[in-house]
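Listed below are the structures to be examined.
There are two complexes below, and they share chain A, which is joined by chain B in the first and by chain C in the second.
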Partner chain A sequence: MEDRRPIACLWSDTQALVAVARCWSGEGGTRYLALGCEGSANKLGIGIIAHDALTGTPTVLSNIRHTFVSPPGTGFLPKDTAHHHRSFFVRVAHEALSAADITPSEIDCICYTRGPGMGGPLTSVAIAARTLALLWGKELVGVNHCVGHIEMGRAITGAQDPVVLYVSGGNTQVIAYAEQRYRIFGEALDIAVGNCLDRFARALEISNDPAPGYNIEQLAKKGGGVLVDLPYAVKGMDCSFSGILTRAEELAGQMRAGEKGPDGEVLTPEDLCFSLQETVFAMLVEITERAMAHVGSNQVLIVGGVGCNERLQEMMGAMAAERGGSVYATDERFCIDNGIMIAHAGLLAYETGLRTPLEESTCTQRFRTDEVFVKWRK
Partner chain B sequence: MTTPIPPFPLPRVLTYPTAPGPPPLLIAQGAEGRLYKTTHLHPSRPCALKYRPPKPYRHPILDARLTKARIAAEAKVLDRCRREGVSVPAVYALDAAAGWLMMEWIEGVPVRAGINTWLGERGEEGEGEEGPIVELMGRMGDAVGRLHGTGIVHGDLTTSNMMLRPVVGSTTTDARRRAVEGEVVVIDFGLATQSSSDEDRAVDLYVLERAFASTHPRAERLFGHLLAAYGRTSKKAPGVLRKLEEVRLRGRKKSMLG
Partner chain C sequence: MATNNSLPCALTLDIPFPNARLASVALRALQVDKELSSSVTRHFATVSSPGSEQDSVVRVEYKAATNRMLRVAVNSFLDSVALVIEVMQELDVDVLDSQTPSTKG
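Up next is the complex of A and B:
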């Protein structure tokens, strides 16, 4: 530590100076710690991350998640989901602390999801985060859920300045960074792609455990004999999924009634899942490719729950390879909503001086990705 | 991590040893396909060949269906615009199943490049005179308005999909001014559809507005001049602008929660 001082003092970076001051004063160690609380949809996640105070290198200390799973044929309702989060918060928080092997006194800030998401679940977790902050005497940092996904994806994969495809149950966005904001180049004009998949799973009464999208993916792997014709709706860099869902639900109804498809083909759940995936993923890859061509990038990062679909990753990889680039994706620990991404993005903001005073520690269902001023990037 | 883009095999139509002339030149690899500069019928007649190669990521049946439909639709739309007097490239030849379309070669640079040259390294917006760029925004609005007037929506309006055809015999000497002069020629009708509804036209403008704001954040406030010019192009245009307000709100709302 003594050896580092002269080097660090040469840095103009305030972050390094603050770190050195901390070493001298004996306050804290050479790392920052944040606890992140996520609960914008049906996953309750709490994670603890450490940032090296001098290099900023992040280390995941713990990442615990508990998912509210609704019965087949139904979706998760805000009221039940909020109840789930309230019931499990203390248990998940304890688990996160013991897995990280730290005490609350070592933590620098409590980060929580400010939005976007479902009102009830967001509120439950925001209240729990406030309680922790008051209990332990810590600063609060409100985090944009989408920015959390992007920053975690960048940290895990090492992608420097990729075009980001953010696909989940609530969001479908093609994002690129420019002038301190994550700018949205394309998005779904109606429902999110994950919502389209989830609702189709309900139409087929597929299990929601561990996730409807995962079960569609497994069924699709067994299909592929027939590609059923579905609408294909791309408008520039935007797309639309509601018409496709309507048609897919219609076909599911015909299948249950024992009818054949429009071309006389025998309809099976496997082929319907296959056709739906092929169609909606082709649309996603197409709008991503258009954004990449537009900004002149050849790196693409996929984040969000739908991002762990291996078929989507494979299709994106084929597109990126053709452009001389590569695809970056993470596995379910970081793709699916989690607390660690909130901790990571919150800590990045905390290090630039951002705090959310208790009286402003609200949450909101609508919070656009491009509303966040990204102070921690050049 | 970054490997150079491998050279593409030429589409078959460019491999026939026909008229002598310069070898085909790959101009751009857009998301839509590849654009070659080659010649049509005579070595002195330059043309653009748009080729939609098979997409390896897409299911072959879906791919063939989309490619064929898009080439045929694009040719139809270009032909219609041409007949109605909108500035677009003329169609020379096509083979929809093979995925290619041969068009008139448009000289000049994309509007995106022109605007960027104009903006240059200037830091703050609102400095200095703005006449030439305001006029350009007006010509863009006018071009989109007249396009919509023919019953066509473009589907992918960006400043990369509009060309600035240089003025023949221009006497402008200032490089910045010259960068934003010229006729606006709309290109790349790959996603165009026939529609006269206010909704579709408003979405077309919305796509342009968002692409403009993301590509030229420093010139964002000039977009109003484009809309003003658009509003003057037809009796229906003011209604489209009112619809645009709705689309903006809906876009904002729907982007947050499914």
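Up next is the complex of A and C:
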């Protein structure tokens, strides 16, 4: 967006005249640019974002992603995933630069995912990001992956101060912002909800392309004739998924062996997927609602890959509507892991003066959301 | 504190770069991460190649408790080196400058 301000009064100072002239020419309304690199799981994402220097309004200049898909019945292992990220980094970076139509000189900082996530994949992306930063003479900003999701969700949806449900293959947290921290109100005690879904997909040998959760969702849409009884494990503000996964895997085994369900029902993959989704999503709705009651909010923002799921959005929407509120969600460009969210959150931090010195530009598998000092918000 | 005797397996790699700038970039990018195991140590330096005044060679000295650990560490390191080199080859400032501007897709 160009900044063109009319001359409203006489300027006697030469510098002011020059400044006004630059405003007219479009140079005065500058913007900050960041390149962000993400690789904490099986998605390699590189994105370039612009922030208007005056208003802070973000503009997505490019958002390129390549996903490492493992064969049906398998998950993605750290070594193979790191290999994938190394193999595709240059290609994805090229695409991001040409789609944004910018040169390195225009970029203000290089942002990368510091954590949380898988060690090898994280580090492989960090090494490439450091190399870019050194070659281009730019500073680095390490970003918390969860904060990236939250800030991108806020930017895209415009949600004011929602309770955030962050649900993905690696994370399940209920978060609310208070006094410059994203505070975790509830979380999965063992495995993430997305991990539960992904591992169940393996039990049924469902394709991992484009993502196992997506394919479970499509199967679930065709199910619904039978709701199989699965253990519902909400524990106060938290929840647990390993028990329900064990039971679901057991039923999948019984189904493949031609056995009937516990109540004599015929088991189908569609009904198992439907039943699993209904149960785990109901658990998520419950812990989200509990947090909303706690903080007095009626807005929900869903971020993370599982947030793409339309049934989850529907169930959350019904609960929020009952409370007189609404649900905010983004589309797959932003809820699935991506580089633009890292660029956006990193640039927000950069604009407050935060820098990650090269010697400290490491990665960490454990990085709590509330460890980040959210200096860019009041 | 580990003595040299407890890390008897050693390997030194000399990785040549076209100039001192690129050698320095590689060294600085690669030396940040610590080795995961205390049974493996590595030490970085830039040295000059014979007949050159520039310090355009990155020298990495690996020491490990067993040959297996040495092999695993060095193989992993070489993967990272390959990535750094590819990024330099394809995304350095002069490389991008020389490419014809592409139209927006």
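Definition applied: the second predicted complex is superposed on the first by the 349 of 378 C-alpha atoms of A that agree within 3 Å, B and C clash if a C-alpha of one lies under 4 Å from a C-alpha of the other, contacts with A are read in each partner's own complex, and residues count from 1 in each chain.
Note that in this section a contact is a pair of C-beta atoms (placed from the backbone, for glycine too) under 8 Å apart; a residue touches a chain by one contact, two chains touch by 3 or more.
What you see is a predicted model, and the numbers here were worked out from it, not measured in a lab.
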Quick one: is A:L204 in contact with chain B, with chain C, with both, or with neither? Answer first, second, both or neither. neither
Between chain B and chain C, whom does A:Q365 touch in the aligned arrangement: first, second, both, or neither? first
With the two complexes superposed on chain A, say which partner A:F185 touches: chain B (first), chain C (second), both, or neither. first
After superposition on the shared chain, which partner residues are touched by A:D101: those of chain B (first), chain C (second), both, or neither? second
With both structures placed on chain A, which of the two partners, chain B or chain C, ends up touching more residues of chain A? B
A:L132 in the overlay: touching chain B, chain C, both, or neither? Say first, second, both or neither. second
In the overlay, answer first, second, both or neither for which of chain B and chain C A:G194 touches. first
Can A:G169 be said to touch chain B (first), chain C (second), both, or neither? first
In the complex, chain A residues that touch chain B: 115-118, 169-171, 173, 176, 178-179, 183-185, 187-192, 194-195, 227, 229, 232, 234-238, 278-279, 282, 285-286, 289-294, 298-299, 314-316, 318-319, 322-326, 365-368
Chain A residues touching chain C in their complex are 82-83, 86, 89-90, 93-94, 97-99, 101, 103-105, 119, 123-124, 126-128, 130-132, 134-136, 358-359, 361-363
In their complex, what parts of chain C are in touch with chain A? 24-26, 28-30, 32-34, 36, 79-80, 82-84, 86-88, 90-93, 96-97, 101-102, 104-105
Which part of chain B faces chain A closely enough to touch in the complex? 1-6, 29-32, 55-59, 61-62, 65-66, 155-158, 160, 191, 203, 207, 210-211, 213-215, 217, 250-258
